[in-house]
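My questions will all concern the structure given below.
In order of appearance the chains are A, B, C, D and E, and numbering begins at 1 in each one.
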Amino acid sequence: MAQRIVIDPVTRIEGHAKITIQLDDAGEVADAHFHVTQVRGFEKFVEGRPFHEMPSLMARICGICPVSHLVASAKACDELLAVEIPETATKLRQILNLAQMIQSHALSFFYLSSPDLLLGMDEVPEKRSLFGVAEADPVLARDGVRLRQIGQTIIELLGGKRIHPGWVVPGGVNAPLSEDARDAMLAMIPEGLDIARRTLEWYRTVLPYFEDEIATFANVKTLFMGLTNAENTLEFYDGPVRIINGTGEVIADQLSADHYTEFLQEAVEPWSFLKTPFYRPMGYPDGVYRVGPLARLNIVGRCGTPRADEYLGLFREQDTQSSFHYHTARLIEIMYGLEKVGMLLREPDILSKRTRAVAEPNRSWGVGISEAPRGTLLHHYEIDDNGLITRANLIIATGNNNYAMDRGVYEVAKRYVRGGSLNDGMLNRVESIIRAFDPCLSCSTHAVGQMPMQVELLTPNGEVVEVLKR
Amino acid sequence: MTRTKIATVWLDGCSGCHMSFLDIDGALLDLADRIDLVYSPLVDRKDFPDSVDITLVEGAVSSEDDLAKIRKVRAHTRTLVAFGDCAVTGNVPALRNSVGAESVLRRVYLEPDLHAPQVPNLVVPALLNVVKPVHAVVPVDVFIPGCPPSAKTILYALTELLDGRMPDLSNRTRFGA
Amino acid sequence: MAIDTVGALPDENGKQRLIVLEHAGKIDPEDIEAYMAVGGYATCSDVLQSMTPAEVIEQIRNSGLRGRGGAGYPVGLKWSTVAKAHGSQKYIVCNGDEGDPGAFMDRSIMEADPHRVLEGMMIAAYAVGASRGYLYVRAEYPLAIKRLKHAIKQAEKHGLLGINISGTPFSLSLQVRLGAGAFVCGEETALLASIEGRRGQPRPRPPYPAESGLWGCPTLINNVETYANIVPILREGAEWFASIGTERSKGTKVFALSGRIARTGMIEVPMGTTLREIIYDIGGGIPDGRTFKAVQTGGPSGGCIPAAHIDTPVDYESLKQVGSMMGSGGMIVMDDSSCMVDVAKYFLEFCMTESCGKCVPCRVGTAQMYGLLEKISEGRASLDDLALLEDLCDMVANTSLCGLGQAAPNPVISTLRYFRDEYMAHIVDKTCPAHVCPVSRKEAVR
Amino acid sequence: MRTNTIAPPSDDKRWRIVQATMRRHGFAPDALIEALHSAQEAFGYLDDDALRYVGKSLHLPLSRVYGVATFYNLFTLKPQGEHTCVVCMGTACYIKGGPDVLKAIEDAAGVRKGETTPDKKVSLLVARCLGACALAPAVVFDGEMDGQLAPGQAASRIKEWMGDGN
Amino acid sequence: MTRVVTLKIDDIDATGREDETVLEVALEHGIQIPRLCALEGLTPVGACRLCLVEIEGTGRLLPACTTRVAEGMVVKTNSERLRKYRRMTIEMLFAEGNHVCSVCVVNGRCELQDLAVRLGVDHIRIPYLYPKRAVDASHERFALDPNRCVLCTRCVRVCGEIEGAHTWDLMSRGIDSAVITDLHTPWGESDTCTTCGKCVQVCPTGALFEKGMAVGEMTKRASFLATLAASREDGR
């Protein structure tokens, strides 16, 4: 008899989701889906709000990467003002954005995924948490906590608050950087770099244990998308969009975010509140793409900072199609972020008091794009003559990976799940593919399910005849 | 000494309160001797345990899943803490209340230029027409306002509760803090 | 003779005593001569010729007359306050804004005997030293407005209003002012704001209008029925009046009897008459074989009195003791087909839509109480909701700015006091015993 | 008394009635409510022109005029229908079936209380109490009071007005 | 000639002129009473009910802002009963509008938010009403967000009493009450507004604010009013 397995909630991800796996009569996986189960409707309820409130309002989309939304939103608002913001403001926003990437990547890697990597996919569920890691490898756990703390402290020193700082505003930032704060930040960088290096070296040693997962996670082929710059190095703050295919070929380059509707469109599937963007010229689903650390390292020539570039080789020698290597790319980006923050903090004009351009709204629409930890993020606003939002459209970093996650779940389930002999490790692997992407479901949405993992026995026409709870 | 069983759950919010909880940084690992994190987005347990001492709930009640979840959580929790503004006031998720759930769904899934526009309805839960704070649905024992409450506030409240006292949060946090 | 005026209901059992309504339905209200033929304006003339203002006030004080508009404040005391107040200009106002739903006594008096009201006002104006006055009348009462305006013109023509009335130094001009549909204008400071052409929002008292009223001048405000009592008191004497009624409530009271009762209409009974006498001996009891459940007095500010208290005498204190109030005289009888939760909801809706919006407890509290009653009546409420409702009752009653808000919880408090079981049926069993409320309606979550 | 009278918004003769009311009260600020009554009686409702004219004539701030016009139930800022139906919802009428009568009328007219039918035929209003409690439940059809009405009777009066008596 | 009276406020022996209010005398003696509609320099209206106090012998609660002191008066400003009513009043205001502190221009500098903290309001027990209200940003410098309005009428009074423009007033009534400019015309089209900005400065919440302010950036300066009133008095 056919069965349906429901994993609810998917744990150790940023946000909550369900996974369902449909088994056929023979107990083989017939289909599987990744369901994002909540929608909040920011696009609707921001209508009528003054655009100056948008950065802080939009930051409430996500408490994990509020800064990404602050930045993308403020950039869209800069366009509404039609001003070029002071250079110092740009640099300060860049530092904030990188600090957020550091803390968010640290969260993803250490708090959420390191239990799988250190303890193995088949460890008992009770141990699979940061607490379990702390027992097994206290240094790794403390490193993770400290690295995240460094990122959060930089955010706090800049914005006055770790989560949802109101510091980023249309036209720039609302207070300059003090010398003391800069020095405090600079003082933390070396320790961060040490942690990053220690972790990368450890990670190098565990990679061989996951060859099977790496291969399975590579079975979904998609395009990759991300921001670029003139140096062809990692770019998080601004720049034209590049899209490459699975073989590394550039299929579109120098795309302007202002014209995103010409190259991007979104699809809706009935089983998820999360929409799926795709490269419009290729249609759906052929045009689906991945974003985030893996995509970014795939589209650039080099990182652009010495230590990160040192480790780029470690990445490049892997199968860079495999979503497993989101982890690899994430660690390298942490290294990059720390180095780049240090460089920006040493810029001579970083303490300048000119950090905000003031203007009335001079354009009726604006698009802001940036790289969030999880990938390209885009905010698009339209305003009326009085500066009130008439329309808002968002393309959320995590949403870009929706298709890859959904199909990834299917591929992993097909590889590991057998109806006759279900075990926890199998199902954990299904979840771990999701963790690799580090989806930030709060960004679009999230929910906690109330059911334990359960297996439903279905008749061929889909009626549930029996539910087995574990 | 038995460790206090702690759970954290999130409903409709942004995870920012959970992140602020993590912002207690090293203190989190120090707490490991006193608490047993039995259910949380951070650990792998799928079903809510039968008996939890303290549950921190982040987020507002926004869908039928949330509703079922919070009722279950309440039934199995001794001290329920509304954790952050979304849980305490409805906050930003409740902004949709003046327009209603239906217009949100229409705006997101039908009006834009989409491939296969449709309102998702498989597996995903129905939205409640009115997003509510947690105490509007089940009794709540402790309220910690803030968007998010600071790590310091959270650590204070948790420590007080672990010591068997009711935390006095006045002047430590506020709506919108 | 204008034939559309109504007098009191027939008095088969001799329970009524017509003082205020002595001429109602018997004389032509549009003819001043008809009023004068039954002795009209003679009292006023006597007073102006032979009594000092202080003597008039003394008579009123001795009569024990209390304000008929609701609260029952001693009329003589109010008059003497205005008389003593400093000010070269004083005003006199008649509150004809009978706003209680279910009350039509004042309308009937104004329509049936307008000169009686004018004459009472003239005596009052003389007593307190007012030279200008207003009759503030609901615009919903076009006939009353027409008759009052006509009566003023006739009185002016007869030299009874205007300058140096009856050759005395006393002068008085009266004007009719129209309300525009706001119950709160029954509250005296709101009424004054409305006469001044402003939003009818009350202001905190003190200072009372007696010291600072219209345009900051000392102002006497009484309602229609109060003024209609003045002439008989001065004509027959304070002692005569004081001999009618109870120890603390003197004279008679006019009631508008309506609802589930065999005979509906106006009645006038001595204070102290019991509700049973009114409902059964005058009103003819409950029709259609149904049973008496409650009688509502005092309008939205009053309460529902259950069968157990049907022998309550109608006087200010007794009604208050059973959780209601005299109010302006609406008396609505309910039988077992009425649901008391629904009745409370009805009054709360009234108070909510009539709240002026100035003070927070009334503006928000009435809306919240209404919302909770709606929830109860739809079977969606919990016992926590009931507890919140009771907290709101306490808070709104004690913190609202004016009488409207202070009394708004009364219908809930009184029905909770006597019919708590009906609330519990809605909340716990999700049923409406009287089959009125839509308790089966599902929670609107989608 | 202020004498500098303001010119009416148009040469519509009805403005003279409004002006006469204000003059009778010496163009004093307390004439506001009387003037609004007068304008509404003349034009059926109060539009911006009327509010502006009255406000300027009485030397009152426009916001105050608007505040007063929207405070009182009897003033309407929208044109009313050809026919007006006022359902009494006083306590006596409520107890004796007023809500059922209102429901029947709302269904017959296809609008809710306080609204006017799209064809501008019928405006449906609710009164707090018409002081006609003895006639409960009472309804006023175009100024004519009708009492002790069954819901069906009330609905058929509306249907006559709506022109679909068949 | 105004007399000086002696009274007791919260067991403190106080003196004041007989034309002063209980609030004024309390403040002179360092006793703070919560309030929202009262503001030094504007005519008190007694609307918010937060400053209600117990006065021995009256049997009812009276607003400190409008009640004059009298000889021998015994006033209690902070009983448990008053605190309970004040908390409910604050809850009512939060429930009535759409007050989302986290994304408000005055977050951290709001009188309503401060009162909630001061009175220990950590959640709103009263059901939220979620009204649908539109922002008016038609004015070139200022905007009105009625979602955050508590109807204290400070804007109405400062505009009428101090600026003399009377651009603001209230419309409708009860729970539908709202502040308006002129004939409910968009603020930017107002004939009477002088763009003086006093209304914005005295507004206790984020209902009135300067355009271009991001979340948490708006600071109000209501204290200018007392100075202004005093210097006008001197200039006369």
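Heads up, the rule we're going with is that contacts are C-beta pairs under 8 Å (C-beta built on N, C-alpha and C of every residue); 3 or more make two chains touch, one makes a residue touch a chain.
Just so it is clear, the model here is predicted, and its values are computed rather than measured.
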{"item": "Innermost chain, where centres are averages of C-alpha coordinates", "value": "E"}
{"item": "Farthest chain (mean CA position) relative to chain D", "value": "A"}
{"item": "Chain pair with the most C-beta contacts", "value": "A-B"}
{"item": "Chain B and chain D, separation of their C-alpha mean positions in angstrom", "value": "51"}
{"item": "Chain A and chain E, separation of their C-alpha mean positions in angstrom", "value": "46"}
{"item": "Length of the line joining the C-alpha centres of chain A and chain B, rounded to whole Å", "value": "22"}
{"item": "Centroid distance [mean C-alpha coordinates] between chain E and chain B, Å", "value": "34"}
{"item": "Multi-partner residues of chain E (at least 2 other chains)", "value": "102-103, 107, 125, 127, 170, 172-173"}
{"item": "Shared-contact residues (touching 2 or more other chains) in chain A", "value": "57, 60, 164"}
{"item": "Junction residues of chain B - those touching two or more other chains", "value": "91-92, 95, 98-99, 101, 127, 130, 147"}
{"item": "Residues on chain D engaged by chain E in the complex (per definition of touch)", "value": "48, 51-52, 61-67, 70-71"}
{"item": "Chain C-touching residues of chain D, taken from the complex the two chains share", "value": "28-34, 36-37, 58, 64, 67-68, 71-75, 89-92, 94-96, 127-134, 136"}
{"item": "In the complex, chain C residues that touch chain D", "value": "98-104, 107-108, 138-141, 177-183, 194-201, 256, 258-260, 264-265, 296, 299, 330, 332, 334, 338, 343, 346-347, 350, 354, 356"}
{"item": "Residues of chain B defined as touching chain A within the complex", "value": "9-20, 22-23, 25-26, 28-29, 32, 37, 40-48, 62-63, 65-66, 68-69, 72, 91-93, 95-96, 98-99, 101, 103-105, 107-109, 112-118, 120-125, 127, 147-148, 150-151"}
{"item": "Interfacial residue positions of chain E with respect to chain C in the complex", "value": "45-49, 52, 60-63, 66-68, 84-85, 88-89, 92-93, 95-96, 125-127, 129, 150-151, 170, 172-177"}
